[in-house]
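Chain nomenclature is as follows: A, B, C, D, E and F, assigned in order of appearance, with residue numbering initiated at 1 for each chain independently.
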Amino acid sequence: DFQFALEHDIKPAFGISEKELDFYVRNGIIHWSPRIQGILSRGKLAVQQTQESAHNYLISLLIKGAPGSGKTALAVQMAKDSAFPFVKVISPENMIGYHESAKCQMIKKVFEDAYKSPISCIVIDDIESLLDYVSIGPRFSNLVLQALLVLLRKQPPARHRLLILGTTSLSNETLASFGIENAFSSSVTAHSVTEGSEVIEIIKQINLFEKSDLSYLEKELEGKKLRIGIKKLIALSDAACQSKDAVADFVSLLKSEADLKLDLEIQDHY
Amino acid sequence: DFQFALEHDIKPAFGISEKELDFYVRNGIIHWSPRIQGILSRGKLAVQQTQESAHNYLISLLIKGAPGSGKTALAVQMAKDSAFPFVKVISPENMIGYHESAKCQMIKKVFEDAYKSPISCIVIDDIESLLDYVSIGPRFSNLVLQALLVLLRKQPPARHRLLILGTTSLSNETLASFGIENAFSSSVTAHSVTEGSEVIEIIKQINLFEKSDLSYLEKELEGKKLRIGIKKLIALSDAACQSKDAVADFVSLLKSEADLKLDLEIQDHY
Amino acid sequence: DFQFALEHDIKPAFGISEKELDFYVRNGIIHWSPRIQGILSRGKLAVQQTQESAHNYLISLLIKGAPGSGKTALAVQMAKDSAFPFVKVISPENMIGYHESAKCQMIKKVFEDAYKSPISCIVIDDIESLLDYVSIGPRFSNLVLQALLVLLRKQPPARHRLLILGTTSLSNETLASFGIENAFSSSVTAHSVTEGSEVIEIIKQINLFEKSDLSYLEKELEGKKLRIGIKKLIALSDAACQSKDAVADFVSLLKSEADLKLDLEIQDHY
Amino acid sequence: DFQFALEHDIKPAFGISEKELDFYVRNGIIHWSPRIQGILSRGKLAVQQTQESAHNYLISLLIKGAPGSGKTALAVQMAKDSAFPFVKVISPENMIGYHESAKCQMIKKVFEDAYKSPISCIVIDDIESLLDYVSIGPRFSNLVLQALLVLLRKQPPARHRLLILGTTSLSNETLASFGIENAFSSSVTAHSVTEGSEVIEIIKQINLFEKSDLSYLEKELEGKKLRIGIKKLIALSDAACQSKDAVADFVSLLKSEADLKLDLEIQDHY
Amino acid sequence: DFQFALEHDIKPAFGISEKELDFYVRNGIIHWSPRIQGILSRGKLAVQQTQESAHNYLISLLIKGAPGSGKTALAVQMAKDSAFPFVKVISPENMIGYHESAKCQMIKKVFEDAYKSPISCIVIDDIESLLDYVSIGPRFSNLVLQALLVLLRKQPPARHRLLILGTTSLSNETLASFGIENAFSSSVTAHSVTEGSEVIEIIKQINLFEKSDLSYLEKELEGKKLRIGIKKLIALSDAACQSKDAVADFVSLLKSEADLKLDLEIQDHY
Amino acid sequence: DFQFALEHDIKPAFGISEKELDFYVRNGIIHWSPRIQGILSRGKLAVQQTQESAHNYLISLLIKGAPGSGKTALAVQMAKDSAFPFVKVISPENMIGYHESAKCQMIKKVFEDAYKSPISCIVIDDIESLLDYVSIGPRFSNLVLQALLVLLRKQPPARHRLLILGTTSLSNETLASFGIENAFSSSVTAHSVTEGSEVIEIIKQINLFEKSDLSYLEKELEGKKLRIGIKKLIALSDAACQSKDAVADFVSLLKSEADLKLDLEIQDHY
């Protein structure tokens, strides 16, 4: 049945519809911090190097960050912006219940397809999930890990260029032990939202609250610290909006789920 | 033979009979504490969000609690109350002796069926059992775990909405290590019965004892502490009722099986 | 070849001959202590609850005890006394060399057969052996364990009633780690023989020794302590009887194999 | 190919030739210590019990001892002396390179054949080797272990009698952890040769040395202690005999290979 | 599908095109330190010994070094320079997702092909990757390891000569535990670039920067210490060249990725 | 494909050509120490015992020693000198990439062939490699180990005689844990070269250096200590001979690869 999937489910090698990519950036990219632009610039640079370098035909960039910090959306946005003729997302979502060799073959197939296009971009999403990683043990698929390590360093055929974008929530220690960090050309970190003012910026841009609510919210969050991924933040604000007492509910949700506090000393563990 | 089961035993994708759901709530939902209403409200909110949110088409809620605390009954009650056109319970009862890949395929199939309905509800019952978890080792099926982690975060197709309700007796530490807590949007705890007065409330509502017995029982349990799940509590009262000396037998059973004591300091380990 | 066994060796689902059950109680049930009656009463109560309860259609009782303490005989006696139309013993003896999935299927099959009868009794004999448990490691079949845990909690179909009797020599700690104790409705302990007077009672009832020997034996064992299972005790007395010097030989066997001592402080480790 | 072996290599179930059994007692049984007679008597008693007991139709005896202490020869001698119509040796020699399930099936087959004879004797030789036991890890076949544990306790069919003789070099601790000691009705220990005088007794009986040499040897070994199995002792004396300086060579071999010393305090580790 | 690969993908046994080898030395060999010549001389000596020795027909040389230090390029350069009629590179790139036995067969096939040529050279590239080695556990394919250990010591058939060149990033400790160091005749280390002056030498030779920039760069790097593999160094300079502010960007990249510091005390961990 | 190998690659059971054996003693046996003669005498004695003993038809000798100490050459020399009609070498070289059961079958086949000849000699070369032993873990094939342990103790059929010669670099501790030392009748150690004078003796006999060089070399090595296997020593001298400055190069190679020092206290770790 994997064999069947390999033959029937896989889209034609060249091209992936704009639509499918949009699916991963459902809520757009909100510029809630100058760092967002910084990350996207790193992506743009990588795209440019892939196109123009005389010495390197294989460029790779790893996007690290806490769960829900927006890694997938950022990587897919970079891939979209590349406008390369071949763009493909390798995602655990399409490999549920597959054994490791099936996974390897699927991953390998994407790379082989990419090698056929003169210039390609592959997004390897959620590396820990591709590896079936769980910290207890720890357990993971060494077969998939080794396949990734080789593919990340393998040159595309002559006159072909390849950009690889990876995303992961694995800690730096684990990435080092796995040799993943080393296998990427470079890496960049997606941060969690940690400032009350950043929350307000985001709320303004998603435009779910009433104007009147906003000023009240600003007072509530002013100078406060918290820790929450953009993904969950959007979910919470959406949930709160369904209530009559939207602002109060939102603040209380932030307290219980995002550790909202006055001037808390928070260090990003990435 | 799993293949056969997949093709023949599985009910048609859309719809599950009211009757089958009732089977999981055999003894109804007794409101022995205001917390019961609290839990059901969380369920109602999740149902509403699933129906109406503009940003989130995938909502999930994890019901945690000690063995026998009523997790399954509460989750199924929420699912019934949703009145969604597609409601399905994923239960280890239908996967006895299946190997992990067979389990994964069955679970995946339920999700695929759910994706076909415009709005669906899936109950993932007894997650530790689905994972074949045993604390010695510990051992568990990483294949099933990884499948659940991906399915819990995978968006339903465009214009389709999905509510996932999970139940588990796993400790918070284990849930964290497994990344399960993180994969659910939110969670709620089902508590054990810990007050004598709560027992009396339950006894009154199940209506098994004679009126005359009740006042005697009240005196016996007044101000006492214990720890017992609603599931076992109903079983014990039922057993005691078969005897002539129902009240005395019931109290003695509570002493041996529910640690009934005067004013014991009990902390719920959830 | 397991498939073959499944189809040919297995007896018709309904009914097991009286004779087969007697095989497990080869030497009858000797009432060498009031506790024997106590255990059998617990069995009778479970039978009655299974027949009459309005709320519980699934009752289970675990018989714990040291090797050779008579667990199997007691469980099978209870099953016989139930006079239920369906009685079946799940025993490792019929699964030698089977792999865990074959075991699971056999166990599952017995339950499925039981579900067809309006009221049934299943004896799960020697749980540690069904689990292929060995303390080194420890090693055990998690597949069989998980199957048992689910089957022990799974309700029979509507209007069907099921009584499950289990036997095991596993320690309470191991039973807890495995979640087995929790999965049974209740449990009871079979004890070893620890008093000289109990030995005499047994010797009298099995009627192997000469009358003249008995008084001499009484003097020898008066006030003495020992630890031996009823199973081995019967074997030793039988062996001694073959000798001319039956009483002396019997006492010396008790000394070497049952730690026979004057007034030894013995704690049953169950 | 195991299947083939099962069908073609296996001798007809009833009867094993006298010759084949003699093969295991190549060098006869030398009565170098009164303990040898003691061990053989235990065997004779077990044979008698198997034939005559009214309560026990399954008797088993475990022969423990250091490598080369003569366990196999002693067990096979007992089996020969039983003169039972069915005698069979289960030996790892016939299962080289077989996987655990093949081993289980072969072992099971021998028992099934034995059950067909009214009275049978099975020798389970070299249990540690049947289990593929190695102390590093430790590793062993749990499948074979569990099969043995069940077969050792399983009653032969009605009106059939079975005697099981086992041999092993495993330590008492390991035997206990494995539950093997518990599964045998009783056990007996084969000892190493530890006295100079015992060596002389053996040398006399195997009759390899010249008469003149013997008195010289007696002086050399008088009052000395050593530790060597009868198997190796016979091999060393045989090797020494090939030399011209037989006695001196023999003594020097005993020094290097059997730790020959004056009055050494030796405790048998069994 | 491995079978297929074995039959179709593999090039004819004798000869590998000059072009394919060049692929591994994409950026040539820059003589940025006298040690480079030293390493190549060791290779030349090994080639000569393989051709002329009267006693040794099997010579092997292991090239150790940090990731990106140029191991593969150096080994392949030696192989090219040998001008042997049979030259083949065993590389993990062609075995992605293969299980260990498939890998073994592929490796074995290359050796068998080599044995057919009177004089051959095999490059075993990236040994850790061939072994699927990961430090967590650690995990690795013992089947591949054992195959390599045997092949590294196995004499070619009479009148045939074989040179084996290996590359690895494994630490000396791991190489010792694996018995790999011992299996090679001798070994040599490829070093990282650690001196500012070495960087300038390399920059001059790859000729990417403007003349004017060079003098400025010299001032910046004079007397500085860093640690970077030649592979990454070429990549960074190439990336910097795409910017307008090439020199400044290059220096800043060296600071973040190569730990560029004034007079840092650096010990090569090889 | 193993099946194929079994049927086609294996030489006819009786007889192995003189030539093939010579292959393992490529450089002859140099008598660089009286111990060499001692080892060969042990072999001669074992051959004689195999031929003449009245009690022992199975003799085995284990040759232990550091890597490259000449174990294989010595064992094969003994086998050649036996002039037995059946001589066979079991070597890992012919089992590359085979799984453990294939290895077992091959080993078993050699023994079965040997049993057909009236008198046979089997060399089990490189036992650690046959076991796929690696100290990390440790890992090894228990199936092969158990097969060897049984075959090493299994008597050849009546009127057939068998000599088994084994070689290994495993430490004594590991050999004991594996039960290998115990399974062999006796053992002997091959030593490394540790004296300067021994080196000179060897150099003289291999006759690669000029006469004039020898006296200079003697002065250089006089009274020096080192540690090197004869195998590597021959390789180094051969390498040095290719240079113009043969003696100086040879001494410098000994310094770097054989730890050549003045009067170093060296203990052989065997």
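Brief remarks on what is shown
FYI, a residue touches a chain if its C-beta (ideal position, glycine included) is under 8 Å from a C-beta of that chain, and two chains touch if they have at least 3 such contacts.
Not measured: the values here are computed from a predicted model.
Chains touching both subunit D and subunit F: none.
Following the contact convention of this document, no chain is adjacent to both subunit A and subunit D. A centroid comparison over C-alpha atoms places A as the chain most distant from subunit D.
Counting every residue number used by either copy at the subunit E-subunit F contact, under half are found in both chains. Centre to centre, using the average C-alpha position, subunit D and subunit E are separated by 58 Å. Each chain gets a centre from the mean of its Cα atoms; for subunit A and subunit B, those two points are 33 Å apart. The residues of subunit C never reach two or more other chains; the list is empty.
Going from subunit D to subunit F and on round the loop of contacts, you meet the chains as D, F, E, A, B, C. Interface residues of subunit E facing subunit A in the complex, by the touch rule stated above, are 23, 26-27, 67, 92-93, 96-97, 99, 129, 132, 134-136, 139, 206, 208, 234-235, 238-239, 242, 257.
Residues of subunit B touching subunit A in their complex: 45, 48-49, 52-56, 101, 104-105, 107-108, 138, 140, 142-143, 145-147, 149-151, 154-155, 158, 177-179, 182, 185-186.
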